[in-house]
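Structures given as structure tokens follow.
Two complexes come next, and they have one chain in common, subunit A, joined by subunit B in the first and subunit C in the second.
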Partner chain A sequence: MDLNTIAFQLILGIASAMLYWIVSSGLTFTFGVTRVLNFAHGAFYMLGAYFTLSFFALTQNYLLALFLGAIIVALIGAGCERGLISLIYGLPVPFQLILTFGLVLLFDDLVRIFWGSVPKMMPAQFIGSINVFGRLLPVFSLYLILAGIAIALVLYFLLSKTDWGVEIRAITVDPETAMCSGLNPAFLYATAFMFGSFLAGLGGGLYLPISSASPGMGEHIIIYAFIVTVIGGLGSIKGAFVSALIIGIIESLGALFVPWMTIALPYIALSAVLLLRPEGIFGEE
Partner chain B sequence: MKNESLALILLIFLSLLIPLTENKYLLYLSLKIWILILYAIAFNVIFGYSGLLSFGHALFFSGSAYVLAILAVKAEYPLPIGFIAGIAAAAAFSIGVGFLSLRHREIHFAMITLAFSMMFWGIVMKWRDVTGGEDGIAGVPRGMPIFWFYYFSVAIILLCAYIIYRFVRSDIGLILEGIRENETRVKFSGHSTLKYRLYAMIVSGTFTGVAGSLWAMLDRTVTPSISHWSFSAMPVIATLIGGPQSFLGPAVGTVIYVIAQDVITKYTLYWQFILGIVIVSVVLFFRGGVMGIFERFLWKR
Partner chain C sequence: MAEMTRRDFIKYAAALGIGLAVGGGIGYSLKKPEVQVVKESASVVGEKIKETIKIGHIAIFSGPFSTYGELQKRGSLLAVEEINKEGGILGSKVEIIYRDSAAKPAEAVKQVRSLVESEGCDFIIGIDSSGVVLGVAEVMPEVNKLLFVTHAATHKLTEELVYKKGIKEVFRIAVPVYQDGIMAAFIASQLPATKWACVHPDYEYGYASWELFKKTLSKLRPDVEFVGEAWAKIGTTDFTPLISSVMEKKPDGIHTVEWGVDLFTFVRQAKQTGLFDAVKYDGGYAWINPMGYSIDAMEALATEYPENCWVSGRYLWVYPDTPLNRKFVKAHLDKWGHFPAYSGETSYTAVYLIKKLIELTKTLDIDTHIKTLEDMVVFSPAGARYIRKEDHQAMYEVPYGQIKHDPNYSIPVLTNLQAVPAEEYYRYPPFEEMPPYKELYKKIVTKA
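And now, the complex of A and B:
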């Protein structure tokens, strides 16, 4: 096993980590603000992929389709929050989980009704690869890494430099004081949900050049997003970024050294964190 | 209360007559409902009584079913050994997952149970030599004709349901409900909440394992579909429909769920869509489930 192979595998790991990061950031952000864990986040990811697919068929422009797809998903997310989830903010946790789980079933079948059950591919995009460490790296892996970093920067800017970000942070830290200072929780919760759904939709669209869209595709990613957010600390955006990187790298290097146990590796990492630091790497007690 | 018990005894009696009709389909459906009732009642120990939502009970169900199938078919051990080992495996899994997940908040519990059950699903799919991968394991023995197996299973299920009933009505059950309502208070009164929740988890997981073993013998095959998370969702939905706050709620919900599934899937492919609408409306409007509606409008206690 030479160093080049390891370095190459590392880059691939970072690329898949960026997909985990984009999806998990939306999940953990929404949770941090609204305290609702959205099971349907994976379904939004799936919807993002399908809408991107359809917009691509209309416009033949991937970037435009990606953006439009994510916007539609954001609107659907906001609709779900206003119409359904906002009605149950005060209820015990299990009811929130079950409600959003019901949405998963609904959206899975809606996708089957509108797009069919057969997995759908987008016409090949970003064909070509570049030579890295003597191996051919698909050029899209690099774009994915850039997209992940860009989203991290945008999130940082939004939360620390804009009024909306400050208000969001205020209502996250202390909802009562924030409301007493005249902030509108309904608006903030709805926009937070909208933004989280936007990120899920974006993740789904970004997955398209790698593989096909299929009903139930959200199920794999939501479990990874759960693992990432628990390891990073529920509600912590920084934690999601770090733990997505950890999981992506563990997986890609694991495939190199211990291929027979690759599927168990993320769960072993999860167990280790739960035993040593149950609140997650960046979580608060 | 008297009417309820009478209705219950009558229903159990009627279901005992089913094998006599010699209708294989009806017998199979009825026993399937019985087994899933045990599954849902065992699940509700952790959900309704302890206030924790598990999305990974398929791990205990299929864990026990797979251990039984592997021992009885692949290793050719006698069936009773497989049966007991399967249930023991479910108990061991519940201790492991409980230990990892119960220390923290309820949300973690749902996420972690789901994650570990999906790890088991992944292993089952990949480890073809032992689990048969996607094909599963066929030819699980029953040890007796289906006619007697029906009565054997119902007897075991009734016994298990009775033990669970005694458990949730015991002091431990009371403390569990106390933790559900106000964890801090129970802690102040000197009880280790982790310990009691672990008890609940073990009871819930072990009896789920009994249901899983019976299922493997009834079906005579074990496939990865019973370790998939959609199978974990089954008791969640059934309990929600029936009502988590009463002991028999999950049983009522299971009967409704299985029969509705049997009928609806004959007419439409989109059973999940209907299920989704049912779940959303139950959470929004009928959180007590069917039993809750009964209590509110019919019996007016």
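And now, the complex of A and C:
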């Protein structure tokens, strides 16, 4: 096996990692700010795919549909936060679990009612492939990599260069002092939740043209998002990026060298991190 | 605000993760048979056996695989409505109660008990997943009702639980994994490809299919090699690393039992990565996808599934060309606006089989039912099914065909149908040896 094979497999692994990253970024961001474990994040991902599907049917413009879809999901997320999740902020953790899991079931059934239970596809986008190391690299793999990097840069800019980002970081690090300084927690929690939902919706919309939209599609990706989030460190965006890359790459190289155990690799990585560094790679105890 | 610790987070995430992860086991197939309508028995004089005959139908109605419950329900509900319209079973109305297995064995077992003990169901039908069916079969003797399996395909059900362990309350209406492994190898043996690789879902169904495929094909064609394997988790979002690892081994044939949304993702991504081109031969693609002709795949992928790939199902609406099948397909189309899925046919047939059984025996006694069913021949949309006594497996053949895009149909159609009689490719009790495939190979007939 030559180096080109391994290098090519690495590139594909990075592309796979980007979807994990995009979905985990919103999950870990929302958790970091609000301390809410949002199981409905996967449902928002699903809604992103379905709204993108419908907006594409209306506009025939994929990028526009993607953006509109994510905006709608962000608004739904904000509605859920204000109308439901904000009511349980003071209550024990299992309430979060039950409420957000309830939202998963609700949105799954709403999708079935409005779009039907049979999965739907939109026309493939980013068709074609380019020659890399003598092999065909699909254009959509490149598009995933670019989208993942773009989202990382936007997140970095928002959190470090804008007033909103500074306030979000302040309330994350020390909520009491932040509130004494006059910050409005309700506004920050709602916008943080909204932004997290936007990222989930974007993930679903980005995934749609390389696969399909189906009820319950968020249930698989959310497991990976949880693994990525725990490995990276809860609430750590940088951690989510790094651990998504780790998972994507070990899965990809695993397929080449140990195909019979590819499925176990993310869980082995998770166990190793929990044993050696329980707070996660970038987490704080 | 309630503080969640890292430990809490992991605990809850793990709880949910486990709950969702076990949902991965569906996959076997869908198909449905129908029983001959026995006119004279529909109006027997005298008192009814029971005011209402109740059937419990358990399938997946929630989560990522809920399509499969829906496809089954279309078949069984159609049958129940037809039967009630014609006067019921010996004058008794038929009622069907749907329950969600959530693709989890424990949940399905709970539903079986609830259907029997609280709802008073007389029969249970359905079950999508191999993992689930093995759990459910174990409790059937205890609840003392018959189970007609309409989808789950693991051969362990009939070979081990029914034949070896003697659980007589279980019958399977659908083709088992023999279709995905053995029959697939018959098709492969006729193609020029000599280096086969697989891309399979990483669970029982994938392993069983690949093992049977390899064993059978190496007997039929000693010149073939098996060069690569890729195992995809359920819910794989990106198949490209798997495809690329398989393509490194330079296969010229692909066997894949991917199904449902994973199949859609796989086909779409395989096109972009050149996997289809790698297995092209003069006459099509050496691409064998046993459950590729399932209705959800055909509706979603439509013309995106390349022409001349080899696909099958556990029933194909195009086969056989009999009045019974035509009538069923038309009724299904009229009622639902969709062609019947394989599990739609098996569910439809299961309900009619129950009708026939009661009309023949005029009782609800389980032992009488079991004796009657063993060695029974059932005429169904999928053709004549013979219920084998030893393992309670309904035997009928389902062809493979090549995908063809026809503008006159809303979904792709099949051409070049290839079938082998069921008794020649199903494994036989005591299930230790493979059948003498070398001889059978010559008998493959083309049924267009």
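Keep in mind that, in the parts below, the second predicted complex is superposed on the first by the 285 of 285 C-alpha atoms of A that agree within 3 Å, B and C clash if a C-alpha of one lies under 4 Å from a C-alpha of the other, contacts with A are read in each partner's own complex, and residues count from 1 in each chain.
In this section, a residue touches a chain if its C-beta (ideal position, glycine included) is under 8 Å from a C-beta of that chain, and two chains touch if they have at least 3 such contacts.
Since we're looking at a predicted model, the values are computed, not measured.
Model built by superposing both complexes on subunit A: subunit B and subunit C clash. Look at A:Leu99: by the touch rule set out above, it reaches subunit B but stays clear of subunit C. Applying the stated contact rule after C-alpha superposition, one finds that A:Leu234 touches each of subunit B and subunit C. When both complexes are overlaid on chain A, the residue A:Val139 reaches subunit C alone and has no touch with subunit B. Of the two partner chains, subunit B is the only one touched by A:Leu84; subunit C is not. Between subunit B and subunit C, it is C that contacts the larger number of residues in subunit A. Of the two partner chains placed by the overlay, neither subunit B nor subunit C lies in contact with A:Asn184.
When the shared chain is aligned, subunit B and subunit C each come close enough to touch A:Pro278. Using the contact criterion defined above for the overlaid structures, shared-chain residue A:Ser160 touches neither subunit B nor subunit C, since it reaches no partner.
When the two complexes are overlaid on their common chain A, residue A:Gln60 makes contact with neither subunit B nor subunit C.
In the superposition on chain A, contact of A:Glu251 is made with subunit C only, not with subunit B. In summary, superposing the two complexes on chain A brings one listed stretch of subunit C into steric overlap with subunit B, and the stretch in question is 135-143; the others among 81-89, 135-143 or 279-287 show no clashing C-alpha atoms. When the two complexes are laid over each other on chain A, subunit A has residues 31, 37, 88, 91-95, 97, 101, 105, 108, 112, 219, 223, 226, 230, 234, 263, 274, 278-279 in contact with both subunit B and subunit C. Remark: subunit A residues 1, 5, 8-9, 12-13, 15-16, 19, 31, 34-37, 39, 88-97, 101, 105, 108, 112, 117-121, 124, 127-129, 135-136, 138-141, 144, 175, 207, 210-212, 214-217, 219-223, 226, 230, 234, 251-252, 255-256, 259-260, 262-263, 274, 278-280, 283, 285 touch subunit C in the complex. Residues 47, 51-53, 55, 100-101, 103-108, 110-112, 114-116, 118-119, 122-123, 126, 229, 233, 236, 240, 269-270, 272-273, 275-280, 283-284, 287 of subunit B are the ones that touch subunit A when the two sit in their complex. Of all the residues in subunit C, the ones that touch subunit A in their complex are 1-4, 6, 8-10, 12-13, 15-17, 20-21, 23, 62-67, 70, 202, 228-231, 233-235, 237-238, 240-242, 244-245, 247-248, 260-261, 264-265, 268-269, 271-274, 296, 299-301, 304. Residues 31, 37, 84, 87-88, 91-95, 97-99, 101-110, 112-113, 219, 223, 226-227, 229-230, 234, 263-264, 267, 270-271, 274-275, 278-279 of subunit A are the ones touching subunit B in the complex.
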